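Two complexes, one shared chain (chain A), two partners (chain B, chain C).
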Partner chain A sequence: MTTATLEQTERRKAWGFVAPALAWTVLFFVVPFIFMTAMSLWSRQGREIVRVWNLDNYVRFFSESALLKGLTNSLEITLMVTVLSVLLAYPLAWIIAERVPKKWQRMALILAILPFWTSYVVRSYSWLLVLSKGGVINNALMGIGLISEPLEIASNRIATVIGFVHFFVMLLTLTIYSNLIQLSPNYRRAAADLGANAFQTFWHVVLPLTLPGIMTGAFLTFVLCIGDYITPQILGGNNELVLPQIIMLQIGRRADFPMAAALSIILMLAVTLAYIACARWLKIERA
Partner chain B sequence: MTNPAKGAFARRLLASAATLAVATMTSSAAFAADELNALVWCDHTDPALIEPFEKANNVKVNVKEYEGTGAGISILEQSQPGDWDVMVIDAVDVHRIVDMGMMGEIPADALPKADMFPELLMEANNSKDGKIYAVTEKFGYNTISYDKTKVDPKDMEDLSIIWSDKYKGRIALYDYYLPMIGLVQLGLDKKTADLSDADMPAIEEKLKAMKAASKQVSDVVSSQTALATGEVDILVGGGEWITASLSGEKPNLDWTVPKQGAVRWAQSIGVMKDSKNPALALKFVQYILSPEGQARLATSSCYWGMPTNAKAGEHLNDAQKTALRWNDQAGYLKNTQLYPVPSAELDKKMQDAWTNMMQQ
Partner chain C sequence: MRNAITSSLSWVYLIAIYAFIFLPVAVLVLFSFQDGRLPVPPFNGFSTQWYEAVFADRKLMAALTNSFLVASISSAVACLLGFLAAYALARYKLPGSALQRGLLIAPMTVSYLIIALGLLTVLNTLRVPLSLWTVGIGHVVINLPLCFAIIYASMGDHHINIERAARDLGANDFKVMALVTAPMLMPSILAAFFLSVTFSWDEFIIAFLLSRFDVTLPVEIWSMLRSGLNPKTNAIGSLVFLASIALLLVLEIGFFGRSRKT
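Entry: the complex of A and B
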């Protein structure tokens, strides 16, 4: 068999392996995406969806402050949640990877992912009970005399962020932990041999080497957080709408699918920009 | 004492479990002679409501739950003719489905009209061109629910309390713009049926004042939880459907129809035009409207509401009647108005006003 024939055979084999995934992506992502993009250029007039392409939905989005604020609220909350989750998850992952004995690490990880076993909705309502005026926190603080009036920690952005962070810290812990345990101890030994103290070793060696894990988890957190409407709905008390809530409003009663599609495209653009930032500046694709 | 909020979760879980149970039963559909596919609200997923019909007729009822007319319409648009036999829908939205050509006619003599509260016949909503397409099966009020130990019940008799500062930060707003805008219209001493574009500036102003005085805007479960846990003391847009199921555990919760009135919600049930089994579908509608079916629907695990069949009272116990204010209905019906029925354009303006209010 000639080299050229061999190459052709290998290429065919490669396509054979890739084809199912490609077909899946085309069928369940590319086609719906094209349809959604087309729909975002239609409009709802009265009870009818008018299939004439125009940019009315996008113009409306950028000209109505209530809609635009949905995007800024989403971005602010998502960034806050992502940063807080990373700051909390890193030490937790480090403790599990470095301080917990090997035989207990699996148990620690199971405990870390335990919150995933309960329904997302139930977990959010549970937080509402914890944070509300008559909830666990306020009752405890009032019981020990630290406060005389209940704190307002439910039905606002703080509550939304707490609910989200509780969920995503666990997700980030897993991705960071998997990075940390792959890190050879030789790197730290070498740094120590070269005179680096513990902080310098962490800052110049461990942190850069675990950045791919952090960024993978942070990106997942960003994607899941910016697309969620249940937690802001339940814990935020609807005092500020995020973009997915506005999308739901369009669908809920008026079935304004063109506007909902346009808002979804904008949401996807935000996620795409976040991905590009991750891939470009932190070289996530090479991780 | 049982924690009422846990009770709310339990009801929610029960509703989910009911849906799951019905879905599981669906898998054994082969054992039944017939099947019925019903597009419903969550109160119809209660096995206590569905199972007696299934057993009596040796059929399986497959229920799919949806929320919001828009979601219901999208399910219909994605379905094949004949996929659905029965549909439950907001009474003010029946015409939307009729105009889509999807509702079938119901023979007038097949319905127990003589037993129904006259105000609930709602022919303008359920009929078109002299043909009946749906029938009202359950109703209640979007009004004011409150904790009578924490607020002055007399204050609750005036709708203007919802935008005053007296209970600032202690009010929750129910998150559905249609009845809430209707309530504001009533608070302005106008009729919901007359609501037009010209009323919107005044309504928007009051919506903003209402939001400024409130702590949260929330859905059914969050509203109920907030009221039950003391997070808020007043729920604007609440009613018996929020407090009735908690009456045993939280007797401090109450509701009232203010002097300006309240908004009446009503849900209708109809047979789909392309139903594969219209006779069985009609039988199901008749069961839902029967005194027994009505009592079970009124006290469904998902949420309570008043039955439209006056004879359902024979199947409700005293505690249930008290929670539903069975004996007060005549007065309430006189002093309540239906949801506004906006044109598509006005509907958009109302929704925009609601969105603006929430983002202020």
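Entry: the complex of A and C
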């Protein structure tokens, strides 16, 4: 056998190994996605889906305030959740990395992400037990006489944000921690030698070096938060719907698949814009 | 002095945030033992009736079995496909390999809702009936990028020589892969498998949109919730939590504990 044909058989073998995974992704991810994009340009009339290409669904989205409000609600909640989660997770990751003795760090991390392993649906609903009018918090606050009327903290945006932040603090703690422990202590020593105080060292040295971890976690938070249906549906009440809730309404109650598809494309665009915004720091492709 | 202040502040923060993280779980477990019809405060007294009710609930037990089947089979498929693809892309020079890697990772950056809706529109158009199989297909789509990324990252160059040695000793490709490469990468293969089991086990939206009569546990719990608050949901939630901790402990002691020593 000549080297050329040997190379050919080798290459054919390699294609054989990678083909099943590629085929699965193309068949069950790329093709459905293209089909859904096409469907977003069709429309529903009566009970039939009419295959006439137009931008009606998108025009309707921007002219119907109830639909547009879904996007702004989604964006507001997601941004609030992302910022709050980073602000809460960073100190936790830092304390675990810096203050907790080495041999307990692994334990501290496992504890921090332990509730991750309860069922997501059940966990969202257990926040209802904590936050509702007759719930644990209101009961406790009224018991010690701090308030006389129960607080309205369930079935609204506050509850949704609390439920989300609870979930994402665990996730962000992991990404930020893994970034923090990779930092060589030499950087900090050098900064201190050059006369930086603790705050300056943190602001000019540690924080910039951990930005990739923060950004990876923040992007994951953004993607998972803006696309989630369960937490807003269970905790949010039905006063301000987010985009996934509106999509599910289009499918469930109205069987309007073209509109649901158009809304999904808009959701997808929001995620893409977020990706572009933090692409500089993301290491996802290099994984 | 300053150090003492920051140190005690650290501990206060640590305790506060762990309280926040564990609050809903603690409430969940507490009220799963509620003696009474409603899982709301005040706590009436201790009872295990809801756990008995869970084990007597045929639909819930069927959903548990379905979840187990979908999670284990779809994760095994995702791991196998991910391993083969990682092997090909790490060991051979293929044209457009960066593009292929990007394509394989792509579903990770798309919301589950969009993946589910895309599959649903195609399945509807082709008139494919929804079943546990369609849920499983969706779960492989979301877990394949994860498995591929984890296994690909651990395909170190130092393994190449060992594979070459095996080949020189007469092993064919299949034997090299099954008897040399896979065992060497077993820690990351298992990590990928168990991670995707937990994702599939807990996944709701794909399972909800792509199933009809046979449903998985999160979907069954969802439909239980629609008929009102019920301590049975707390009991099943606590059981899932307990099972996960047990799995975690087994992995930590039997598997990660061992790999750390070597």
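By our rule, the second predicted complex is superposed on the first by the 250 of 287 C-alpha atoms of A that agree within 3 Å, B and C clash if a C-alpha of one lies under 4 Å from a C-alpha of the other, contacts with A are read in each partner's own complex, and residues count from 1 in each chain.
Convention: a contact is a pair of C-beta atoms (placed from the backbone, for glycine too) under 8 Å apart; a residue touches a chain by one contact, two chains touch by 3 or more.
What you see is a predicted model; the values in this text were computed from it and never measured.
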Quiz item: Where does A:Arg11 make contact in the superposed view: on chain B (first), on chain C (second), on both, or on neither?
Solution: second
Quiz item: When the two structures are overlaid on chain A, which partner does A:Leu67 contact: first (chain B), second (chain C), both, or neither?
Solution: first
Quiz item: Is A:Ile226 in contact with chain B, with chain C, with both, or with neither (first, second, both, neither)?
Solution: second
Practice problem: Please work out whether A:Phe33 is in contact with chain B alone, chain C alone, both, or neither, and reply first, second, both or neither. | Solution: second
Quiz item: In the superposed arrangement, does A:Leu22 touch chain B (first), chain C (second), both or neither?
Solution: second
Quiz item: Counting only touches as set out at the top, which of chain B and chain C does A:Arg47 meet: first, second, both, neither?
Solution: first
Exercise. Please work out whether A:Gly135 is in contact with chain B alone, chain C alone, both, or neither, and reply first, second, both or neither.
Key: both
Exercise. Based on the superposed arrangement, let me know which partner A:Ile234 touches: chain B (first), chain C (second), both, or neither?
Key: both
Quiz item: In this superposed model, does chain C or chain B come into contact with more residues of chain A?
Solution: C
Quiz item: Following superposition on chain A, which residues of chain A contact chain B and also contact chain C?
Solution: 121-122, 125, 128-129, 132, 134-135, 234, 251, 257
Practice problem: Quick one: which bits of chain A touch chain B in the complex? Just the residue numbers, please. | Solution: 44-47, 64-67, 69-70, 121-122, 125, 128-129, 132-135, 152, 154-155, 233-234, 237-241, 246, 249, 251-257
Quiz item: What residues of chain C sit close enough to touch chain A in their complex?
Solution: 7, 10-11, 13-14, 17-18, 20-25, 27-28, 31, 39-42, 81-82, 84-85, 87-89, 91-94, 100-115, 117-122, 124-125, 137-138, 140-141, 144, 148-149, 152-153, 173, 198, 202, 204-205, 209, 217-218, 221-222, 225, 229, 233-234, 236-237, 240-241, 244-245, 248, 252
Exercise. Can you check the complex and tell me which residues of chain B touch chain A?
Key: 5, 9, 12-13, 67-71, 73-74, 96, 99, 169, 172, 175, 178, 215-219, 221-222, 225-226, 229-231, 343-345, 347-348, 351-352, 354-356, 358-359
Exercise. Spell out the part of chain A that touches chain C in their complex, as residue ranges.
Key: 10-11, 13-18, 20-22, 24-26, 28-33, 35-36, 39, 88, 91-92, 95, 99-100, 110-112, 114-115, 117-123, 125-130, 132, 134-136, 139, 166, 169-170, 223-224, 226-230, 234, 244, 247-248, 251, 257, 260-261, 264, 267-268, 271, 275, 284-285, 287
